[in-house]
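Okay, got some structures for you below.
Next come two complexes, and both contain subunit A; in the first it sits with subunit B, in the second with subunit C.
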Partner chain A sequence: MATVNDAGPVFQIENLNVHYGAGRQRLNAVNGLSLTIGAGQTVAIVGESGSGKSSAAMALVNGLAANGEWDADRIVFQGQEISRQELMRLRGRAITYMMQDPSSALNPVLTIGEQIKRVLKYHTSLSSAEREDQAIELMERVEIPDAASRLNAYPHEFSGGMQQRIVLAIALAPSPVLLIADEPTTGLDVTVEAQIYALLERLKRELTMSVVLVAHDLGVVATSADEALVLYAGKVVESGSVASLFRRPRHPYTLGLLRCAHDLHEKNVLNPIPGRIPGLGERPHGCVFHPRCAWKTDECEAADPELIQLDGQSVACIHHENL
Partner chain B sequence: MSLLKYIGRRFVSAIPTLILITFLSFGLLYITPGGPVEALAGMFGTPEQKVRIRQELGLDDPVHVQYLRWIKGVFSGDFGEMIVMAPGTPIAEMLRKPLITTFWLTVAGALVALTVGLTIGALSAIKPNSWLDSLSRVTSIATYSIPDFWLAIILLFVFGVIFRYRWAISGKIDFSRNVVFSLQSLILPAIALGLAKAGIVARITRGELYDVQNKPFIQFERVMGLPNRIVIKDMLHNGILPIVTVLGYTIGLIFRGTFLVEVVFGTPGIGLFLVRAAKTQEYALLQTLVLVIGTVFILMNLLTDILYGVLDPRVRT
Partner chain C sequence: MNKARFRILWNRFIGDKLVVLGGVIALLFLVIAVFGPQLAPFGFAQQFRAAAGELLPIDVMSTTATGERLLLGSDSLGRDMLSRLIYGTRTTLVISISSVSMATILAIFLGSLTGYFQGSLFDEIVMRLIDALLTFPGILLAVILVAAWGTQGIKIGPITTTPELTIVFALVFTFTPRLTRTMRGSTIPQAHRAYIKAAQLMGMPFWRIIAFELTPNCLTAVIIQATTYLGLAVFSTAGLGFLGLGPAEPQPELGKILARTQEYFLNRQFWHIFIPGFTISLLVFAFSVLGDGIRNVLDPEFRFEEADV
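On to the complex of A and B.
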């Protein structure tokens, strides 16, 4: 594994924008997201469906759909500023991506051994025999029982939880410095979900890897992330350490999300945020959250609030003191 | 290992259908009006003559004895003899050349359908909503609705009657004798047979290859930085699976289409033969043809199943 530069962050991106072309229109999915991640840290990108969190994650590995494009002001990897092309060369090697839905993330016509081994073939200098051993070791690392004999099995012969472990094994094969995990437990049982997160946590520590975790489940974020960015309609509305964010949310949206989770847990009632997230073409003027916000004033409709630095967190709300 | 087992199981499962087909073709003798005796004795045959013919043909034996005798002959390549058109000639010998002709027609038609269909389908998938895609969408619906024999008539009319091209003439196909004439004989029938099916192949190819680009596992391969050629290979492998399913079916349809197309062009294949056999009540010949056609369809389906099993591990289990 590459040596980690202790002085600076492992990865940093400033002012990331993602947009999709739809006919003559250009629809912004992510607006000005900045993210800094230190060695061995987990940064979560939190938001509802449609908030742009998956677009942001996909942009980092240049895996956007054909009509998607992204740009950023600055990309820093292990203390060095790099270009887009250099970032592209890192993907699949130093930066890998873990797919969302394990049931569709594996090629159904190839054995899992082949799928792990060819990543090793293109991204490491191991010999054919070494790749075989390494593939078994990777499968043991993600706790697949009977690894050696299951190398020749096809994806459909595994359960969803096992499939996601295989996806993780593939993502870990090139010994990445940064792993981007996009809601890695979609479609899995709660118990299996917990196992996958525990495994991810353990491997992260063992391999001193940094993780960008895309999630909508605040419980998961609270237990496995160090920092979090709350994304709403393509904009970061609040960010900071998970501890301070959860103790004292400063943005009405974060507060709403926490209340949803908290009330369901404590009182068994659901306390949803009224309204719904605006679609790509219907982002409101001013603060993106104002149509659903209880603290809304005329100023909120007039101008888009900047991220304000407070101790431990930043928030994009002019009323943050009133919360 | 499991692939061999799968292939074995497919073969075994084809056997009952094959047996059913022998029943059907044998039964033809009994369920159609007339019968060989009438055909042989003609309109003016005396009752005594008919009795003699029945005895000679063994028609007075119990049905199962007759069936077993017939099926024994089939397995040793003896399908009976011609009685009306060319009395005494073994059926197997009569059918050899028409079968070769129909075989080449089917191959040529399938080649046209596949090359045109796969090419246009792939090009449309690469550039969705381009003019080619739109054109292929419209024409595929059109060709899908056009019967092949109608297309054959139009082609013959345009190239044979109006332009009077020599190559529009179709005849006996025998590559061991006359290669040029054989090839020439294939041109128009192959176009008629192939184009009518190319549309459906093109649309399915387009749909599958387009969809597969956005499959999560393809996306995963891309973001894992695998080389482009590997990703494209995997896209083709996965995209081709549903196309294989229609392949056997399409070739079966083309084979069936040859019968009427042969009649239009006067190509001496088994289609033209079948029509004549029915007209002259050549029963042994009809039986054999039904058996052959049925068997070809079963083999096509068997081949499709096996090919699918080779390409997709999921169907093997």
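On to the complex of A and C.
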């Protein structure tokens, strides 16, 4: 499924750190995340709530909350190393962001036509009539029936699935190279979810666009992503191609997650990983996962394991051979 | 706004008979104000004399030496009461409407900026200034400002403003703080909504987000407050006029006319006070009721049924 790409990665970020200031404290939400994404690829950032996946995605578009800050060693966009300021200039044009909850991501007092057209107005040099045509084309592209006449409708006149299609149309309006989709199907039911992902997949191929998909649903990741980063408590515990990651997880956390999903699906029982994800201020010393890990040894508490390169994936666990 | 929605709102508006009455009265006053010069039988400064040559005595339905009949009589300077009332309504309305609209525009501007940049230095400075202005109770601030600036107009370099503008500015100073607070209050929750974040992530500049995304969602409360302030503005303008802080003579103004009716007391025609008095009351009533009607239409949480109880 992975697209062979000779022009090098479309986007690359090395050692991304996100931290939030809370009073005098500095809380790390993301620690040393590195991400490489090729043309037409989908890279998923997977993790449970509080793992830092949304913070990582938000940092890429400089959209962190006021008390949030991020830094990275190196940012490469389309083969060129760029600064943070240059990255910021790319957002909304070459890099767009698709919000989680479609019901609140659309402005309630503007018609959807206006909302699509204002993005075109700001990011392209199209004339007013061309913008109108382009808006209709975008709406047809995201499969909204009767697009031309729905242009003057308000967001509340659409269903959740249709609203998310419009959010997608807005994100596609500036013809981005990279789309960051932050759990694009939150609050939608399963059938609609499948439709949205199918649409995203098709558009990605048509428009040769790369996608960073933030998700917590492993089923979604398995079907629509090429590569995945498993995030736990702000750290990448395992990454690699979805095919190898799902066939042979090397990290106890990934294994736990997959086992959960598998058992729930096959045997209809839920075997959760014991314990809970540590909060921002209570990250344990050593391996972040050791308090919940069945393979834990004293070495795990002593030092934070580095990402170890294996064929097809990398893993941050000293016991990966024992799994 | 589409047709069906407009119909619903319109029906809600005309459903309340009192609101319709207020609307009709307000409209009537507006017509009088706009067509004042055409409607008034005489000029507002024109003095009439009785047959004997002295100024016309203050009386209702008096006839001048040259045979003009003054329907509501004249004031102590022999000027036609009806014409002065018409011109006075015009002055009062112009001052009230322009001060409320200027204050509202200013409040929308300041309120949306401070709300969007909540907690910033800019927000702190503006809000503390507003707190300072709010320490003065209502009309007192306007009285102080007009007294300080004088009723002859303000000199700004070579330009001298009209006396009316002095009062407008004074009223703008009294209304803006309260309206700004309302606007800021309705902006803050909206500024944290996802669609604002979406616009930021779209790379839109902040002024565009405030002007086109945020503000249209926050106007309801400030518009409702502004309409109720229209009645207050008429009341304040007349109040200033009554206290001798209205526009300078011979410019008529409802409050000034009311003050002059004191002279009729000497003539034992105390009821004369009801002519400008009733006009002011009617105006304030019309605007207040109209404000209620607009609230009924715009406020999504205000239930009509409750209002009828």
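Here is the rule we go by: the second predicted complex is superposed on the first by the 317 of 323 C-alpha atoms of A that agree within 3 Å, B and C clash if a C-alpha of one lies under 4 Å from a C-alpha of the other, contacts with A are read in each partner's own complex, and residues count from 1 in each chain.
Criterion: a contact is a pair of C-beta atoms (placed from the backbone, for glycine too) under 8 Å apart; a residue touches a chain by one contact, two chains touch by 3 or more.
Predicted, not measured: the structure shown is a model, and the values here were computed from it.
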Item to complete: Could you classify subunit B and subunit C on subunit A, in the superposed arrangement, as clash or fit?
Response: clash
Discussion item. Just to be sure I read the superposition right, which of the two partners does A:145 touch: subunit B = first, subunit C = second, or both, or neither?
Written reply: neither
Discussion item. Touch test for A:23: subunit B only (first), subunit C only (second), both, or neither?
Written reply: neither
Practice prompt. Answer with first, second, both or neither: which of subunit B and subunit C does A:156 touch in the superposed model?
Written response: first
Item to complete: Name the contact category of A:91: first (subunit B only), second (subunit C only), both, or neither.
Response: both
Worksheet item: After the overlay on chain A, which stretch of subunit C ends up in the same space as subunit B: 9-17, 45-53 or 261-269?
Response: 9-17
Discussion item. So subunit A touches subunit B in one structure and subunit C in the other; where do those two contact lists coincide?
Written reply: 61, 63, 91-93, 96-97, 99-101, 104-110, 118-119, 122-123, 167, 170
Practice prompt. Would you mind writing out the residues of subunit C in touch with subunit A in their complex?
Written response: 2, 193-195, 197-204, 208, 212-213, 216-217
Fill in: Of all residues in subunit A, those that touch subunit B in their complex
58, 61-63, 65-66, 91-93, 96-97, 99-101, 104-111, 118-119, 122-123, 154, 156-157, 167, 170-171
Worksheet item: Which bits of subunit B are touching subunit A when the two form their complex?
Response: 213-217, 219-227, 230, 234, 237-238, 241, 311-314, 317
Discussion item. So in the complex, the part of subunit A that touches subunit C is made up of which residues?
Written reply: 61, 63, 89, 91-93, 96-97, 99-101, 104-110, 118-119, 122-123, 152, 167, 170
